[in-house]
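Both of the next two complexes hold chain A, though its partner changes from chain B to chain C.
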Partner chain A sequence: MSERGPANTAATVPHTRNPLPALAVAALATAFLITLLLVESQVGIAALIAGAAIATIAAARQGLLTRITAGLATREDLLGALCVAGVLVVTVFFHEDHFVLLMVATLILFVVATLGLNIQFGYTGLINFAGSSFLGVGSYTAAVLTMHTALPHLLVLLMGGVMAAAIGSLLLLPVLRTRGHYSAVVTIAFALLFKTFLEVNDILGGPQGLAVAGMDLFGWSFNDNIVIGDDFELSFYANYVLLSLAILVVAFIFVRRLDRSWIGLNLDAVRLDETAAACFGLNILRWKITAFTLGNFLIGVAGALYGMMLGFIAPANFTFGDSLILVSIVLLGGLGNAWGLVVATAIVVIIPEKLQAIQEYRFLLYASMVILILLFRPQGLIPRPLRTYFPGFRTR
Partner chain B sequence: MDVGLFAQYVMNGLMLGMMYALVAVGFTLFFGVLDVIKFSHGDVLTVGAFTALATYLGLSAAGVNSPVVQVLAIVIVAGCSMALLGALIARVLVLPLKNAPALNTLLITLMLGTVLRESVRLFYPEGANPKPFPSLLPSDALVLGNFNLRLDSVLMLAAGAAVIVGVQLLLNRTKLGLAIRAVAQDEETAKTMGINFTLVVLITFGIGSALAAIAGIMNGLYYNEINFGMGLLLGAIGFSAAIVGGLGNIYGAIIGGFLFAMLQTIGAVALPFASAYKDVFAFGAIILIMAWRPTGLIQEKISERV
Partner chain C sequence: MSGDAAPLLTARCLSKLFGGVVALDSLDLDVFGDDILGLIGPNGSGKTTFFNVVTGIYPASEGEIRFDGRDITNLSTQAIYRSGIARTFQRSRLSLPLSIFDNIMIGNHKRLNHGLWFNLVRRRAFQAELEENVATARELVRIFDAPLSERLLDPVGGIPMIDRRRVEICRSLISKPRLLLLDEPSAGMTGEETRLLMDDILEVKSRFRDLTIIIVEHEMGVIERITNRCVVLNFGQKIAEGTYREVAADRQVQEAYLGME
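What follows is the complex of A and B.
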């Protein structure tokens, strides 16, 4: 998650900003997350969430938030390291709790998947309403490959991504030729087609679904608990947390560097004005193909590990509604902002799981929340900032 | 294949096509006036069907047992209340986002669809289970070999056709229709000509949503069952039909609706593999058509200003 552009390393720029506030914020956030995950009483959870929301709004009013984010914007490597550390602390703290660790791993994999979507429509403006279908392609690929072949499981993860990209490329022709609403129908049709196909296809288990073998990394079986010494035992989900965290770090660095590079600039140009971009000599088709395929690849990799972690997948896991949730995460976080995705995914994944009292009403509340955000804060929770190529440079 | 069986499939296809066309006409009307996609349309259909069911139950409880009165009452009550709901959605959610990116409107209405669907599931008494819908139309049938021509199907087809022709006449022959078409063509110019833009938009959304209610009632009467999730698929199919036909064109929407029903029927009957793949086949064909004709079969006239 670092941003090791030459201008950002400690060697070239003296530390103008004190890292202490960032550390304090990270410690506070981790402590909050642990408390939130620890508390079982519904009233307590609701109070915690409300308290956090009020505190955030108050901090924003006081101008504290902008100061902290401004401090972190030039130190993304620090922010990334703090996030990783936070996840590790949470993992160690809940080392025996299957449920919490499963939730953390799901959260991380969803961030990877939404990073893929972010490349597609945050940067390039290609709307993809079949996100969870590509997640499903990855999962089912993992299920079939682990069942019928002895392929090393790391390769299975890659194959999940490759399959998602390959199946996505079947959609390329209609996606490239259509625009706006017309292209929305292509992916919506694909999402519905995919789920119906899974439901009626007996080879892939039909509506009952398929069992997926657990991850096995060079003889290190992920579905066994980790035992260190005599009395320290980690839930086996910790394996998945670690591996998905590793994947996330790679994907995140990749996406942030892509964003900062000339490729990211080209993708932005394609989204903002296709005609103007073409006039300046950009090959629109090439960038759209790149973005769509890359995005699907990331989603597919996340899907493959997700399937292995769940151990059992069914068509009901990959519905059109789930695709909508993925799309909403991207919009909620702030279109095109990779850091926003982390916050938005955390909200969308953790709150409904913890607030079991509203479990029944979660889709209702959640959809209402997105409506309110779209009405009153359409740029998302954390709007995408301008690229800063020169640290300390301010356009005022 | 037997002629009678063939006729039966054609009849089923026509019924489906009529429902899809009604939904698709709604999509195309909305797109015409505001250039937006209102994706909650399918769930408005569900709410309409449930309103109709509630009205029927209320009437039965009040002792009104004449089927003719009941049918008229459920159509009027469901149609009017959905028209109000549609206008309300336009006023509160769609118009405020008029200048936002198209994706936001699409998403806000998708989410509203979820809200409507979940509300039906949670707040309608036992809304999570499928509900039996009464068959209120005479079910006399004309049996010709394998072909079973039911009177209720014929009545529904005729009613659906009448509604579509009515909308067409309204758009082309009345002053209101002229206003709607003017707004669709050029909002600014229409405003300078003294057309009340907001009112026209609200009325158009009302008309489209009433069509969805009628489609929902047809669906209920045809299958004798409704459930809270029926709108999602019907909405997606109606949207596909409107897009395939070419947005903003009412004939395109009708063609698209019947085309989709035809694809589904062909998928169920004439293909070598199992009929369960009919939706896969139909949606696959839609994707291919989009690749072939990126702006629909009846192409929207697009001129891009640079």
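What follows is the complex of A and C.
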């Protein structure tokens, strides 16, 4: 990839290029995911989750985790490719299972959305408690556009992002005029307002919601099962897994490059000390607007495809509680760490779905997870490493 | 020094009021090119306020500031930085979770390309700019401390106070400003560390020919050693001006510092 650049320049002295850690982690994660999704008994699932948690803590205690992450840092492209392969393996493995594939696609779209939130919150320090509302803006845009226009569906996805960014810009004025907690309160107000607005608005279906047409990509209808040969049939949700995976890959590379650039540095500077940043010429408003808009765009794109996948959306899908879940994913994963988001989203999306016993108490679970993380590991499950502008970046 | 040359920075009748408190009281001050000007005075005499007004953090209540012949009164902090004034802070304001290199690059904002397309898509071009800046930053840090220049990717939060001060000064110098404002660089350091840092500052001064420095300092030994001219403030007014020896002998200055009647 062009990320790596010429091999023997001053800034990129190649050192450990061992592919083993990436291979091992990806294989292990895939195998664990498949087992977890296969097991039906509640006791079995609980045992698997507890086992994974204990193994992780033990590895961290032994210092193994730091060594693995250090090994992965130089092979991020490979790890990414292997994770994509892992998702494909899971998809083929569960090819007939609608429920699992819907869950996988949801997970992937949530990662895209939290990547957007991460630009705002993790990098720039703008806390957005209306993440789910912007997801909703994307979904409702998709619903209206597919119902009333013949716009190609890829453009519908793009419009979902554009609409979220545009509606976000309405929020910009109060968000930029306030700081810290107060701008967070503004986004909370927006989240509540958005849901109420949808409920009383008859054109948008009111509390009953709207039907959204399924994705149709150049005549390839996503709501039909994929039939290969005579007897191999994939659930139609596999279509959504593939497309959301493609979107995630683009979004992930985008966010990684953003972080590893002067822009990422500017966003950090704004978060850490606005006054000092302004003394060195940073236009604080410009970078806050950039972060807020880019973040909402990503959330909106994810929302548009999410709506098309669900087929039916209602205000109850986009509540303040859902926004809190998105924020807790960012906190859990490690503020500013894109890889951490993948792990955290998997935990938050899969565990309550599989452990039916705690389904009722999932908010309690999220809340206690956030409190525990903030108390004992405020930097998140996978803390954000120092900025390396390129893999293997050295200053000598 | 003063001679006939036009001053680099002039303040005329500069006042700053916070409610009823007069922090700067019709201050007239000239700084000439090549000066190391010491700005001294008791606590609360308006030294840091003067820096904050010059750099645009606070708007002036009255008066005028000219830099290099141009009126910069009440310009934005960003515009003042671009015109060539950089500063350090009394309470070191580095971004602790970031690396030394990142912190220094924050100071180089005006010379970096911030376009989305350049940063995200043209990664080769970005890498070329990055490597150029790595080399510049390393050269600059080497003036201060050679071992430190080999550790540019260490987090600032993990290095000792004197190195943090050095990084902070590097952050201000990287954009090649014409005027450097140092706000109590010795704060929180031992006598020996202060001496080393002053060596660094004199070394910087000898290398950057047209750099002018204003330094706020409480350590009179530092002032005596490195400044060629001093201005003494008390209650926001200038009460004396001259070489360190002249102002130290001044009766008003002694009264301000020791409270003699």
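What we mean here is this: the second predicted complex is superposed on the first by the 371 of 396 C-alpha atoms of A that agree within 3 Å, B and C clash if a C-alpha of one lies under 4 Å from a C-alpha of the other, contacts with A are read in each partner's own complex, and residues count from 1 in each chain.
Quick note on the criterion: a residue touches a chain if its C-beta (ideal position, glycine included) is under 8 Å from a C-beta of that chain, and two chains touch if they have at least 3 such contacts.
Here the structure is a predicted model, which means the values were calculated and not measured.
Student: Considering only the touch criterion stated at the top, classify A:I188 as touching first (chain B), second (chain C), both, or neither.
Tutor: It touches chain B, and chain C stays clear.
Student: Name the contact category of A:T275: first (chain B only), second (chain C only), both, or neither.
Tutor: both
Student: Figure out whether A:P207 sits in contact with chain B (first) or chain C (second), or with both, or with neither.
Tutor: In the superposed model, A:P207 contacts neither chain B nor chain C.
Student: With the two structures laid over each other on chain A, which partner does A:L364 touch: chain B (first), chain C (second), both, or neither?
Tutor: Only chain B; A:L364 stays clear of chain C.
Student: Now for A:G51: first (chain B), second (chain C), both, or neither, which partner does it touch?
Tutor: After superposition on chain A, A:G51 lies in contact with neither partner.
Student: So, does A:R257 touch the first partner chain B, the second partner chain C, both, or neither?
Tutor: Second partner only, chain C.
Student: Is A:Y389 in contact with chain B, with chain C, with both, or with neither (first, second, both, neither)?
Tutor: second
Student: Answer with first, second, both or neither: which of chain B and chain C does A:G311 touch in the superposed model?
Tutor: Once the two structures are laid over each other on A, A:G311 reaches no partner at all.
Student: Return first, second, both or neither, reflecting whether A:P152 touches chain B, chain C, both chains, or no partner chain.
Tutor: In the superposition, A:P152 contacts neither chain B nor chain C.
Student: Hey, what residues of chain A end up touching chain B and chain C alike?
Tutor: Touching chain B in the first complex and chain C in the second, residues 275-276 of chain A appear in both lists.
Student: Over in the complex, which chain A residues touch chain B? Could you list them?
Tutor: Of all residues in chain A, those touching chain B are 121, 127, 171, 173-174, 177-182, 184-186, 188-190, 192-193, 196-197, 199-200, 275-276, 320-321, 324, 327-328, 331, 360-361, 363-364, 366-368, 370-371, 374-375, 378.
Student: Per the contact definition, I'd like the list of chain A residues that touch chain C in the complex.
Tutor: Those in contact with chain C are residues 2-3, 5, 9-11, 254, 257-258, 261-263, 265-266, 268-269, 272-273, 275-283, 290, 386-390, 393-396.
Student: Going by the contact rule set out above, which residues of chain C touch chain A in the complex?
Tutor: Residue positions touching the partner: 55, 57, 76-78, 81-82, 86-87, 89, 93-99, 101-102, 105-107, 109-110, 112-114, 116, 119-120, 123-124, 126-127, 130-131, 134-135, 137-138, 150, 152-153, 155, 171, 175.
Student: So in the complex, the part of chain B that touches chain A is made up of which residues?
Tutor: Residue positions touching the partner: 31, 37, 93, 96-97, 100, 102-104, 106-108, 110-112, 114-115, 118-119, 122, 232-233, 236, 239-240, 243-244, 247, 274, 276-277, 279-280, 283-284, 286-288, 290-291, 294-296, 304, 306.
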